[in-house]
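In what follows, chain A forms one complex with chain B and a second complex with chain C.
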Partner chain A sequence: MPTKILAGTPVDTDDEGYLVNRSQWNKDVAAALAAEEGITLTDGHWRVLDFIDADFKERSVVPGMRRLNKVGNIPTKDLYALFPDGPIKKAARISGYPKPVSCV
Partner chain B sequence: MSDKIKKVSIIVSKGSLDGIYPGLIMGNGARMEGIEANLFFTFFGLYAILKKYMGSIKIATVGNPAMRVPDAKGFPLPTILGALPGMSAFATHMMNKEMEALDIPPIPEFIEMIHDAGGKIYACKATVDMFHLNLADFCPQMDKVLTVGEFYEISAGGQIIFT
Partner chain C sequence: MKTLLILGAGTAGTIMASTLRNKLPKGEWTIALVDRAPDHYYQPGYLFMPFGIYTENDVRRPMTRTVPRGIDYREADVDRVDAAANRVFLPDGTEIPYDVLIIATGVHPAPEQVEGMVNGDWRKNVHEFYTFEGAKALTERLKSWQGGRLVVHICEMPIKCPVAPLEFTFLADAWLQEKGLREKTEIVYVTPMSGAFTKPVASGILTRLLDEKRISVVHDFAIARVDAEKKAIVSWDEKEVPYDLLVTVPPNMGAEMIDRSGLGDELNYVPTDKHTLQCKAHANIFVIGDATDCPTSKAGSVAHFEAEVLTENILHFIAGQPLRSRFDGHANCFIESGHGKAFLLDFNYDQEPVTGTFPLPALGPMRLLAESRLNHLGKMAFRWVYWNILLPGWPIPLVGHKMSLRGKNIPPKELKAAA
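Our next item is the complex of A and B:
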């Protein structure tokens, strides 16, 4: 299991770079994970990350696109604009949560 | 990861619920992985993008030997019973309920999701002519009516999947 230093904090990740221990996550780690994806976090990004966080704590699963649309009120277009080429995977990784397991 | 798939063109040729969803799931899934996706609707598959019909696509309960009731591990549905009026609507209703629970969108919403995700929605020219359709018959997400030649041009350098 790789360990790396992000924003001055050692974090454990799986082979694809998802955190394995969310207690090692904080907002600076999120910014560093986002930077790895070439993303600078804005309020728009945080709205998505905060929803994923709240939803994961409630249901123990990363929300799919439709749930982000309907429950999170975040349109598909916005998600692709904020996290290009793989919005949910990227947002889940930056949020410190596991790789999404849903097909939709 | 140099062998990562970069582009897929998915042909949807069947107009039943089980004929349409696999193509939509693969197309949407491609966009979620950052893969360029072109969806090409042809023959009865075209009903998935016809404004008036896309919301009422049904499962075929006749000619489907894998069909079981009341669920996937139930009893085989004999063809003669599958032909009873309302059987297709009933099976469709049951499956829609399962999909709703999994957050798989209904077809019109799914087409919009794929379109908003940057996936392209194309209609087959030969079918449009054969069925006497015009642009007003299509959902607003339909990007363009393509000839087969144009489809191959757009698909160049990617994978083509026929469903």
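Our next item is the complex of A and C:
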């Protein structure tokens, strides 16, 4: 299991760079994870990250696109503008949550 | 008299009606079944219609022949479930009170969820094969196919029978060869997933097969709209895939009745305990088949395995006992690969599809995750099994609801993890 230093904090990740232990996450770690994706976090990004955080705490799964649209009130177009090439995967990683499982 | 009410007379609802009618005393329990369709469809057969392998009559039977005896059957739509009052309302205002409710209303393709999909080109150059009408229209379209760019496409996951789009692609490849049109046809497979299938071992094998058959794959494609004028599908990040014929799998939504009843999630799937199949919100409501949000395939085999578990759990529930039977996510899927051959997958919540033999270790006779003629014959024989064994609620010999690890070649790393 790789360990790396992000924003001065050692964090454990899986092979794809998702945090294994969310207690190692904080807002600076999020910014560092975002930087790895070439993203500078703005209020728009935080609206998405905060929704994923709240929803994960409620349901223990990373919300899918439709849930972000319908429950989070965040249109797909905005998500692609904020997190290009795979918004859910990127936003999940920056939020410190596991890679979303695509259903069978 | 008490009432057990089943909504939906598809695969799951019909099996439940059959098995419970044999288990619940007739003098104590009425079993009511409601469905809006006059006919029952063998849905796995839709895949074969466009290639002339099955006709309309192979896949359709009137409900009068599939609804079991001793069932109070009504052909009607459902307006909503009032779960607090233990009642179901029909659109004409009829109320059906229930003691136990089983929701088996399935999923349906919802092309209107994608901008521009239902437009002037719908059922002309933009098709789906997950409905009887869709399979019929596509059959007609293929009759006049002269070559060009055939795009097989999945809008988003989850979908019913997630291997069907691959099967369609393989069957199209074989059919085009027979018609002498393969050299004139470019086949493109477009998926929102990162590979051909969700599970790594199967995905690797199926990707190689696509490659061998000269089918190009566009992965991680999240559709934003269909541009009918350009004849292209366009992704949210503005990638375009042009088509002459688009065969798409639209988003799969649960019944609108679920939404009207306030029982569903954002896709109108009912949040369900994945082991007991009890509705999370109401103890006397149970959910089976495609209507659940369980993280396994939406497939007839799953509905069949779930039915064994649910029958036991409903008997436990009625007797006031804990729900002891547990569903493991078992799915068993044939994948037609063309030219009279097929693959077989057997998996559950925890075990991804791997190679091996089925149902018996070493003896098989069927081979898992490998192409064989016997697998294909198994798939073809299944239509008879469906009408004559599955729907009447008889068990299938050697294949139980609990997935067996015997005969499976499980990578040592995973076995260790499982232990």
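As a working rule, the second predicted complex is superposed on the first by the 102 of 104 C-alpha atoms of A that agree within 3 Å, B and C clash if a C-alpha of one lies under 4 Å from a C-alpha of the other, contacts with A are read in each partner's own complex, and residues count from 1 in each chain.
In this section, a residue touches a chain if its C-beta (ideal position, glycine included) is under 8 Å from a C-beta of that chain, and two chains touch if they have at least 3 such contacts.
Given the structure is predicted, the values throughout are model-derived calculations rather than measurements.
Chemist: Report for A:101: first if it touches chain B alone, second if chain C alone, otherwise both or neither.
Modeler: Only chain C; A:101 stays clear of chain B.
Chemist: I'd like to know which partner A:22 touches here: chain B for first, chain C for second, both or neither.
Modeler: neither
Chemist: Give one of first, second, both or neither to describe whether A:47 is in contact with chain B, with chain C, with both, or with none.
Modeler: neither
Chemist: Per the contact definition in the header, classify A:65: touching chain B only (first), chain C only (second), both, or neither.
Modeler: It touches chain B and chain C both.
Chemist: Between chain B (first) and chain C (second), which, if any, makes contact with A:80: first, second, both or neither?
Modeler: In the superposition, A:80 contacts both chain B and chain C.
Chemist: On chain A, which stretch or stretches are contacted by chain B in one complex as well as by chain C in the other?
Modeler: 64-67, 69, 76-77, 80, 84-86, 102-104
Chemist: Spell out the residues on chain C that touch chain A in their complex, using ranges where they run on.
Modeler: 156-158, 162, 192-194, 198-199, 220, 222, 224, 236-237, 265-267, 295-297, 331, 347
Chemist: Report the residues of chain B in contact with chain A in the complex, numbered from low to high.
Modeler: Contact set of chain B toward chain A: 25, 28-29, 31-34, 102-105, 109, 112-113, 116-118.
Chemist: Of all residues in chain A, which touch chain C in the complex?
Modeler: 64-67, 69-71, 76-77, 79-80, 84-86, 101-104
Chemist: Residue numbers of chain A touching chain B in their complex, please.
Modeler: 64-67, 69, 75-77, 80, 84-89, 102-104
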